[in-house]
Amino acid sequence: MEFSIFGIGILTWLVFVPIVGMIIILMLPDKNRNAIRWTAAGATGIQVILAAVIFAIFDRSKLGINDAESFQFIEKYSWITVEAVPWVGRIEINYFLGLDGLSVLMVILTSLIALIGVISSWNIQKMVKGYFALYLLLVTGMMGVFVALDFFLFFIFWEVMLLPMYFLIGLWGGPRREYAAIKFFLYTFVGGILMLLTMLALYFSVAYTDPATGQSVHTFNILHMMNPANYVEGGLLAGVDTTWRYVAWMALFINFAIKIPLFPFHTWLPDAHVEAPTPISVILAGILLKLGTYGLLRINFPIFPDATIYFIYFMAVLAMISIIYGALCAMAQDDFKKLIAYSSISHMGIVVLGIAALNTQGMVGGVLQMFNHGIITAVLFLAVGVLYDRTKKRGLYDFGGIANQMPKYTGLAMIGMFAALGLPGLNGFVSELFSFLGAFEAYKWITIISVTGIIITAAYILWTIQRVFLGKTPEKMSDLSDLTLREYLAFVPLIILIVLLGVYPAPAIELMNASLSHLVEFMNSGG
Amino acid sequence: MVEQTLYSITQFYPEIIVTVTLCVIIVADLLTKKESHTTGWILLGGFVLAGFTLLLQVGRNESVFFDMIAIDPFSLFFKLILLLAGIFVILFSVQSRELDQYMNRIGEYYMLLAGMMLGMMLMVSSTNLLMLFLAFELTSLSSYVLVGFTKHSKRSSESSMKYIIYGAVSSGVMLYGFSLLIGTTGAVDIYGINEALAAGTDQTLILNISVLMILVGMGFKIAVVPFHFWAPDIYEGAPISIAAILAVASKIAAFGLLIRFFSISFADAGGISATGAWQGVEGIHWNLLLGVMAALAMIVGNLTALRQDNIKRMLAYSSIAHAGYILMGVVILAAEGLTSVMIYLFIYLFMNLGAFYVAMLFSNKIGSESIEKYKGLGKRAPLQGVALTIFLVSLTGIPPTGGFVAKLYIFGAAVSAGWIWLVVIAGITTVISLFYYIRVVRNMYFYGSESGNDPLQFNVWSNVILLALLIPTLLLGIYFAPVLEFARNSIHLFGM
Amino acid sequence: MELTTILFYFFSIATIGAAAVMVFSKNIVHSAFALMFSLIGVASLYVLLYADFIAATQLLVYVGGILILILFGVMLTTQGRSFDYKTITVNLVPASILSLGVAALLIFVFVKTDWMISEVAEPDQTIYDLGMLLMGDYVLPFIIAGVLLLIAIIGAILMATRLSSQSIKNENIE
Amino acid sequence: MFTQIPLTILLLPLLGFILLIFFGKKLPRQGDWLASGLMLLALIFSLVLLITKLTSYPGETISTSFEWAVVGEQTISFGIMIDNLAAIMLVVVTLVSTLVHYFSMGYMKEDVRYSRYFAYLGFFSFSMLGIVLTNNILLMYIFWELVGVSSYLLIGHWYEKKSASNAANKAFIVNRIGDFGMFIGIMILFFSFSTFAFESIFDSIAAGQLPFGSTGWLTAAGVLIFCGAIGKSAQFPLHVWLPDAMEGPTPVSALIHAATMVAAGVYLVARVFPMLTADALLIIAYIGAITALIAATIAITQFDIKKVLAYSTISQLGYMIMALGVGAYTAGFMHLVTHAAFKAGLFLGAGSVIFAMHKVLHDMHDHHTDAQDIRNMGGLKSKMPVTYWTFLIFTLAISGIPLTSGFLSKDEILAGTLAFSTLNGHWLLPLIGFLVAGLTAFYMFRLLILTFHGRPSDEKRISAIQESPYVMTIPLVVLAALSLFVFYSFNPFGASSGWFYAAMERPLSIVPEMLQPASGAVFYEAVSSVHTPAMILSILIALGGIFIALAVYHWKKISAEDLSRKAGVLYSGSANKWYFDDFYNKVFVGGLFLVNKSMKWFDDNIIDGIVNGSAVVTQGFSAISGWIDDNIVDGLVNATATTADRAGGLLSKIQTGKVQTYLVYIFFSVLVLFVLFI
Amino acid sequence: MIQWLAEPGLTHFLIVSAILFSLGLMAILSKRNVIMVLMGVELILNSANINMIAFSRFTDLGLDGQMIGLFVIIIAAAEAAVALAIVLNIYNRFRSINLDEISLLKG
């Protein structure tokens, strides 16, 4: 599939439009806040349009995963190539972007959430210019990760997200923002180092034979890494089921588990969420966490099928613990944001459980859950943000009777909460269903225990609704205004998606079905 | 004999130009008005000219002055980045307020700088132990004095004295090591030594001792654990411009020296292992030794930096840690390691000079080098704040900055050669390093200023210089193919 | 017992003895003079090793130059205040252990090592050969040594002289 | 026709919901006419459908489906299925729903969220119809949950009351526990048969496929699916939510918590009846029996009019479940239908009373007297004649007095249990069945007498009582009519000859032979042999119960106080609902306290967790995990950081600033390196 | 042994140099007076020189050894000059030339 604008591929536009926006913003005067905001909105808006184009023309039947030919919107340019020198061979790093069924949904999610993040950032007053510049940089990083097919590029985009996030939490966050920011930074940085080392080990273990010249070329190309034939004889990660492959898998896994976050690598998340400003929480929960599971599927699984299968049970158990543990922790919280943060841990656990099933239902469920959870938590954080803007409070016990004050807001927020609770008819249910169905096939008891998580989820969500929306209105909250137009703009698209995908998920599923089936097949044939 | 001398001179223009510039400065210092940086500009011109003549030597690979000096791509690479560093340091010095009160002696400052540059250029190209030692001493002597240039400052004086004592002892020990090596092998140039060693020797005991003693001197210059103790004290006491040149140029030159010395005299050229690493001459574990030193440097440097408040001191510890990272590449040495070291050094030049430069600019304005005093500076000096952030991020090694590429190649080389334990230590310590680098950033941005909120004014030229450091730091993180190519083509040492 | 043997032992013991006096003397002036004797002893050893020119240089440069410099240094840094010439020691225990250890190690190694001895005939003259070398093989070091000395002179003058400018305040940057 | 009509029926209430939720406040009369009208339309369509079905396609199952999602190679289809079961159920739901809609127009008149209320009613009807119409267990689960959420919304309609929102939460969470089992059951089925459609599942089982290849898992799957019914139909031990659910508006109780939603569990069991093994059925039967007994014994001592009815509902649901369990499939389902009519009527009647009481109390500015407590009533018979007479008919029907519909179905159930015991020897089931029949008659007449007969508890108050408006009484009359036998069978003493029995034949069991319950033929033979004695016995027992009630409460021959005193433990147990709520609270809260005390030493904040009463053992765990998070996981990270920092401090102490010390270090390290490497 | 002692060869000179080296080390490490430390450095340089010249006498190194010796003497002189200048400066600043009293920079 070729699609380009001015001779530049659509994915490049998608990734770098925010950077262009950032540069424009940096050139705008500080005072002109509206121009800055509109530039950011414009950049992310263009992304949404591009994503819509992609959604429209994406070929649902192509497989992707390990087959370079069947990726779509491919852009591949030589980035850094150094000719052969003795002992080393040729060095090659490519600018290699492409989409398959695994990433297309994430790209759509990212563009959407990014735009909604901008909308909900409208009332940020402090250092507007810096805020939006960093925000757009962050968006580029996230988008880049989802479309990169070269490990090096992947890594660059991955790490590009670090600093903007650090500043966005650290400068615009709550009282303990500094702690939260450094904690986030530290955790992810540790993961990054692990990934870097694994990436290097892979690089030196993989060399494909360039058909044109017959040279042996070391490459960061993720697709080449999936082919066992490309492993250099005697390379560190060559072979099947070797200790080093397990170690490498584990290193990558820890990196991604931190991002997901999976128990016990999760403690950065509640802090980061609590302190981050609303739009950043939206981005964090809506997109950033998905990078972890996406990374597992894009890198861990197909590159190390042997190690994945070796550790799969371990993964499923961690997922189970995350589901239960996250839900229990959520129940203990009396800070609204923290509650949602822990619920994210629980829900992302479902994703991991789904993909750990290594069958199509589970995979589809997992990836769909990534998308759905992105939308649902975005709604939930927006909901908290609306209340916080009006009352400067986040404690669950501070509220009550909001339903009387802000009925429309309550309606929308409750749809989000019910979706989080896994109510059928809303999107959360569909993906949880498939995840559990897939997982049940693979791990009977783990799944059964995990499913108890949905009871706990129901409990904490309902209590939250009760405390916040129901009951009598406290005196001090008697003059809250309902949603403004801008807030509607942020809420409504997400709510529509929640309902739409809950009722009829096929449009989302068919995007990824072929690719994920192929991935499952690939995994089960041992690579 | 005379013919060779004459021919050699034609291959020696860069050094000659630097020497001539030194003489010109001496004359100019007498003639021109004091209190101006005229001599500095002359030296700058000299460096630039030397750089141009250096480019004429591209592709040469020969030995001149009766095997004293090698003119090869390797030395060319090092000389180029040394001159680049020299040029930046002159530009720093011109703006430094620390030097203002010593303007009537500024001529001497630049003379010594010229001498130091000459010494460093010779360091990276010497192939004879005597020449090597002379170059080493020339560099050292100039830097001893430069460190104490602001001699009315107690700290500067103290660091100068510590430096000379430390340096004199280290070079003395190194000389003793040289004498043992010469005696054992019967040769004074590194090729002869290699020949003697390659022929087989059972004198491993004395050779090991001499290697250790030589490492004392070289380790001193590159400031690697356990020979690093001088660095923090001296960096803190020295004027920032000099601290910068010590942290960057002097270290780079010493690495050039170290690599040439070990890779030629002690490496078994025929014995490249399966993983691409060099085999040392049997019985001499110099690469393991260097590996241990690298690990120690990474650990000690990064851990100690956690507690520092003075930015120069912090950067000193950071540069110790970086010496450890670079040494990792030296351990592997072969093509991979060598390339990675050179890439690292090239990038290190920009990022570390950048960090020192911003520290100097801030020190000029707020009169303090304390990191605690940096609070609120991010808002008062946006460009400088962002620049320092990027430099520090680059030093940490986070993409898309040059520092990441540098680390990538070093780590990659180590992984490919199978030094996994070393890489793991490097990884862990990199995480630790995040703390102290980010502390500076945090202070700049997350806190309000305690000493006024008015924006700091910087002139255009300082911004231009800043960008000249900043842009390569960023650009090299995204597109580093030319450097890679350059480094790859520069790994040829004469005689290998 | 040959004469050279006797001379060797005489000069060695003199050199080492003088050096020991230098190290262990409590009076710095005594130490300086002990160093002088030690250096002269070294020069004598050079003569035994057929290095007459080096021996002469040693005497001229070291005894005539460096030592005078050191004495000047002693004098200049002890003026003004009432200064006791005692030199107090620090790190005595580690220093002794390390010195003894190093000495023992080196001697052990030297004795153990199987040196490639090749008997060299006593040369007629060394000055000419050295001169030829200096103008030939060692021409570059010769020149660089000149630069080195130039730098040393500049540096020494810079450090030792007082600044004339009055504008200088003693400002320390903390 | 058979694809459009059911879909129309399904979507009409949804349309009402959407219109009302968005535009409700802008419509005249807040759109109640719209909702009710749409519902009436749905009722008409349903009737048409039923009649067509029974006349033209009596034995057929008609289904259509469309593709919902394709996952991997598997296609998941959703669709609708019309068999006689569904067609009858459709009419029941739409009928009760329509009547409740009209009733609510009167009852909810003054409510602040009037349009929201009707919207939710529509949403509920939609979901309930979904359950009825679906051909697919997954879709059923989906609607199952939607029904749950609409029930949640309606129970919590008056959410300003803490008790209402608590009850709503309790209902939802307790139901979720049941659904958890059902979900696992579904997963087992899907895992085994790769489909969700009932027909395909049954076909596979009939073809001899077993989940995980074991018969045990088949039983387990059945029981797990039944878990959903336990939750929704408020069976023991998850019955605790239903009495609390009475916090909702009374018409809601009539519709959801009496006639339709709670019967969904019965409907579910009827749906999956063919795949239930004998073991599973036995479990179901006993659960039903226990529920029936427990609820009936509680009902006799309650004073809240709605609580009595709630326990009665639970008890009757237990009956139905028990009937299905013993194999009296038709009787169980028939009881569902008849019960829907008379229990909805009872609730609406109670609603009428409460409405009147409320109005009076409101006019008298009396905010302390409980409008629902039967001790505050009495003597309403003359004041509210329509309500009284209809209420009497309902009471007779539930007590199982001949000529009522209740007699027909209950009699068949009792005969079924008796037959079952003759076949299998489980004599406990008929015993409970007859005992409960007596108890039912007793407590229902107690309720009737205390409410409508006797001396008014407060003259002034009772004299001000007025009959409810027509919009409320007409539904009562309709339901009262439907509580007569004639609609179900022309023979007042035998249901089996009526059209209902003809339409609702017991389906064949398709489980492997050794697991099958006694086949229909065998069972019906046994039933017919015990039918007459069972009928006589049941009439006698019902009359006995009525007689005792009259003796105690009307003629006052026996003092109720004496009786309760003599019953002692039994009385207090019943009055306190056999301590189920207390037990759940005690165990969980007590457990929490235990955990808490040991943890208080670490953390004071956990106390917060206790605030929420009911199902909070989980909160104990959550507090523990929160502590682990803060202290262990984070602690490890922080400890590492601290160690690094300490090490940094130590190392910087080494840097003494004395150059000779440095030199000592150097030489020392050289020696160490020498030793290490040589 | 006596035989060995009676014929002073390379090893004997080396031993002398080793002893001088360690004496120099002793002075460097233990004397707090800067000038004493500098004298210690001179001893070390001399001991290295003895090695060089001994090697040129006893091995086939030839005059290269002497050449190095010559340069080392020059370097030593230059170093001493600079060092003493620095010491003078220190004295002007601190009024002391005791190394252990000059430690503003540490940590």
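Just a few scattered comments:
By letter and in written order, the chains are A, B, C, D and E; residue numbering begins at 1 in each of them.
Quick note on the criterion: a contact is a pair of C-beta atoms (placed from the backbone, for glycine too) under 8 Å apart; a residue touches a chain by one contact, two chains touch by 3 or more.
Here the structure is a predicted model, which means the values were calculated and not measured.
The minimal number of chain-to-chain contact steps leading from subunit A to subunit B is 1. Path length between subunit A and subunit C in the chain contact graph, taken as the least number of steps between touching chains: 2. Among the remaining chains, those touching subunit B and also subunit C are D, E. Ranking all chains by how far their C-alpha centres lie from the centre of subunit D, first place goes to C.
Taking each chain's centre as the mean of its C-alpha atoms, the one that lies farthest from the centre of subunit A is C. Among the chain pairings, C-E comes first (most C-beta pairs in contact).
The most central chain, judged by the distance from its Cα centroid to the centroid of all protein Cα atoms shown, is A. Averaged Cα coordinates give subunit A a centre that lies 39 Å from the centre of subunit D. If you average the CA atoms of subunit D and of subunit E, the two centres end up 98 Å from each other. Put simply, the C-alpha centre of subunit A and that of subunit E have 66 angstrom between them.
Centroids built from CA atoms put subunit D at 103 Å from subunit C. Across the assembly, subunit E contributes residues 21, 24-25, 28-30, 32, 37-38, 49, 54, 59-60, 67, 71, 75, 78-79, 82, 86-87, 89, 99-100, 103-107 that each touch 2 or more other chains. Touching two or more other chains at once are residues 186 of subunit A. Taken residue by residue, subunit D touches two or more other chains at 652, 655, 657-660, 663-664, 667, 674, whereas all remaining positions touch fewer. Across the whole structure, chains are in contact as follows: A-B, A-D, B-C, B-D, B-E, C-D, C-E, D-E. By the touch criterion given at the top, residues 21, 24, 28, 34, 37-38, 41, 44-45, 47-49, 51-52, 54-55, 59-61, 64-65, 67-68, 71-72, 75, 78-79, 82-83, 86-87, 89-90, 93-94, 99, 102-107 of subunit E touch subunit B in their complex. The residues of subunit C lying in touch with subunit E in their complex are 1, 4-5, 8-9, 12, 15-16, 19-20, 22-23, 28, 31-32, 35, 38-39, 42, 45-46, 49-51, 53-54, 57-58, 61-62, 65-66, 69-70, 72-74, 76-77, 80-81, 87-92, 94-96, 98-100, 102-103, 106-107, 110-111, 115-120, 126, 129-130, 133-134, 138, 141, 145, 148-149, 151-153, 155-160, 162. Listed in rising order, the residues of subunit E touching subunit C in the complex are 6-16, 18-27, 29-33, 35-36, 38-40, 42-43, 46, 49-50, 53-54, 56-60, 62-63, 66-67, 69-71, 73-82, 84-89, 91-92, 95, 97-100. The part of subunit B that touches subunit D in the complex is made up of residues 161-162, 165-166, 169-170, 204-205, 208-209, 212-213, 216, 226-227, 229-230, 232-233, 285, 288-289, 292, 300, 303-308, 432, 435. Residues 105-106, 109-110, 112-116, 136-141, 144-145, 147-148, 150-152, 154-155, 157-159, 163-165, 167-174 of subunit C are the ones that touch subunit B when the two sit in their complex.
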